[in-house]
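Report on the following structure.
We call the chains A, B and C, going by the order they appear; numbering starts again at 1 in every chain.
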């Protein structure tokens, strides 16, 4: 027995391939949407993995440092370092701000870190690590910066000495790593006008500007512009200790909160991405429905175009099953072409998206089965029409 | 006339609807065609020709009567065959007004389709198709697409298709309507030839004046009743 | 729809299908999680590491002088302004003497009065002395007379008593004189004090220097210890450099330094560490070093920012790697070594690190070992890698 579906496809291959192409692009969009969601989740995971930390110690009652702002004194880490089970503890600051190069600026997550400690980028793709204590930066390639560029962050210029990859904030902003002290200053120190203003205001305050206490005003001004806060302390737990146990110890300090990796994932993915994931989920459902509708419509139209042939086939003795199977196979074939084209398209245009698009193999497999099922269901409309054809109509035109 | 083979129809009636709006399309039709015979079924439109053909083709169910095919009763006040589709596939051949070839199959496969549907291996089905195409003098177009053929060639291929499963009966519905007299006579020539060669009973429904004289026997149907007539039996060279 | 070539049409479709499948396969293997991780490798070589310490510094004066009054008062006149060069001993400003002049006068007068009192006391002593002499000689005569019984004993006693009383008056007079002299000394001292006070309202430059700030104008009231002017010795400017404690190993006096001032970033200046402060900053966790300029450039202002690089002696003929190769696994620092076709994390101990990113490997590797320098992603023990020359630096 020959394959009627195959022959029909071969015969009108142009129409088929074009439809498959259109469907493929639609499926590609669907894959990309799913990829955007996976990318967001991966951004969050990568953020947690790349920090190299087992625990995040933040201000009490906050979900920081990524989901909420958190501010703790920068000498807290000393106490944490002394606790059992703690191998490394280091101050880290995070703040989203603009990094300028020449006339352009880029929204980046500026990370203040200490070399050799958690918070440092784990690997580089070019250049070197920071060797000077100030004014050097390592940037993620997504910023568009190159090794040797000079960039400005707030009040200072930094030389980009190294590049890294996939270091992004949970919102997808690329990271720029600078020494902790510079980051503290960038985060907490205001611009010149504000500083001059605040100095003037302090000088006008008779309680602070006492002639009988020389040096008081200077001391107050200095304390106002000093910055001894960080956003979090990242902790690496020693071998053989459980992060949760160490976290419990830290939480007993009444003014601190500590999160394990699992809790941070939950915060980022469940809370931060929740709305976006719902939106994307709805979008995926809509796309699926649209794809189903398109396949149904195309197959139905193709079937209607063959009504007379179907009547003749039925008359001369073709089984309903054979006819239905032909329609089904065409729908599945269309789905297959669409899937393959969609997967290729999504892979090719994924990197062009501003945010990270992650296409997982299991998503492709799942997508394949969904496409097949959708095509199967979509073909039922045409199959119904084909089954309803009365073979008698072939006689007596 | 050998009443045991070919087609036998006795007292066939078909009523559409019920009660006051009922229409009797066929009223106790009697007909018989012997193997190898080509019989014409003529009558004005609306006379029930098409209805009779549909009953014979087992696509509609008569109301009462008896139909025998090759000695076997297929309808006797109720279908006697469980699978009508298999009946149509294996034992009835159809030739239509237009060739109605399957456009996405080539010429050979159009003809080989029926044997394949009947379960024959592809090679055997295609060999049979080639044999028929040769007999119908279109073998040189065996590998062509149906759209490349002329009207006459297509008609011949459709006749080959009708013969593919060696059915005992072929029902032809206005096979010459769109053709000119030369081609129409050619088709009738072929039908007669095939009928003889394969011992098939052929019923040709027509109102084409060009070919009516070629029948040796005719059935005239009027208001659902048939009257057997002798035809002119004009020779076809 | 037909294509012109009918014979190989099946083949065309099969070809199309094969091409599609190949593209699909390529896509599946080259991208996404299946793809191998691209890395670059380098060999551990022997080389030189030129370690250096880097810190931000502020230009400060070694010595700064606050010129002000020792008592609260009103500024009378200020004779210099910011930027003026002054000589040691030069009068820079003067406080309003107010009543100081009068006080000096009063002290002088009091001292004068004291001198008069001394003179008076001296005269009185003279007087007492003469009386005492007389009383003494009379007493002697009367005693003599008494002995000869020319006068009664009571008369003798009376004369003796007169003598005693004259003695006493002399002592009293002498002590009154002493007290008048002491009083004079005191008044003299007060006079000197008043004059010194009067002198103190003259603010003189303690050394040659440059006026860096003028903090009070004539007429303003200042208290004791408040600065009216600030002075700096030019040429005593040095850079106070702050170095991260963790990256300050090896800092000591005598290290050569490269200084770049924020105000002239293209000019490189040289200097030397003259002192490492014994007290570090525990809040900012920095050590503080003082770096002097070899030649002080003109136009340098104090409190200006500078970037200072201190050069430590180079370590030569040591195993060297770029610091981009250093990774962490947990708290352990190390590198990913490629040996015998497998990838393995090897802990290393590092030594000196140069500002150019070269780091000395003290322990853990040998020359010729191949290690991963750059990688697209975090490496794990079972990662599949693909060695390339250079990683693309687009995302």
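Quick note on the criterion: contacts are C-beta pairs under 8 Å (C-beta built on N, C-alpha and C of every residue); 3 or more make two chains touch, one makes a residue touch a chain.
Just so we're clear, the structure is a prediction, and the values are computed from it rather than from any experiment.
Of all chain pairs, the one joined by the greatest number of contacting C-beta pairs is A-C. Relative to the centroid of all protein Cα atoms, the closest per-chain Cα centroid is that of A. When each chain is reduced to the average of its Cα atoms, B sits farthest from chain A. Inter-chain spacing, taken between the CA centroids of chain B and chain C, is 117 Å. Note on chain placement: the centre of chain A and the centre of chain C lie 49 Å apart, centres being C-alpha means. One simple way to say how far apart two chains are is to compare their mean CA positions; for chain A and chain B this gives 69 Å.
Of all residues in chain A, those touching 2 or more other chains are 10-12, listed in ascending order. Looking at the complex, you find that chain A touches chain C at residues 10-15, 17, 49-50, 52, 75, 87-88, 114, 116, 120, 122-129, 131-135, 141-142, 146-147, 161-163, 165-166, 181, 211-212, 214, 228, 236, 238-239, 337, 340-341, 343-344, 347-348, 350-351, 358-361, 364.
Considering their complex, residues 1-2, 4, 7-8, 10-12, 308-309, 312-319, 322, 390-392, 394-397 of chain A touch chain B. Put simply, chain B touches chain A in their complex at residues 50, 53-54, 57, 59-60, 85-90, 94, 96-98, 100, 102-105, 109, 113-114, 116-118, 122, 161, 171, 173-174. Of all residues in chain C, those touching chain A in their complex are 1, 3, 9-10, 13, 16, 20-21, 23-24, 27-28, 31-34, 54-56, 221-223, 225-227, 243-244, 246-247, 283-284, 307, 322-324, 326-328, 330-331, 333, 353-357, 373-379, 390-391, 393-395.
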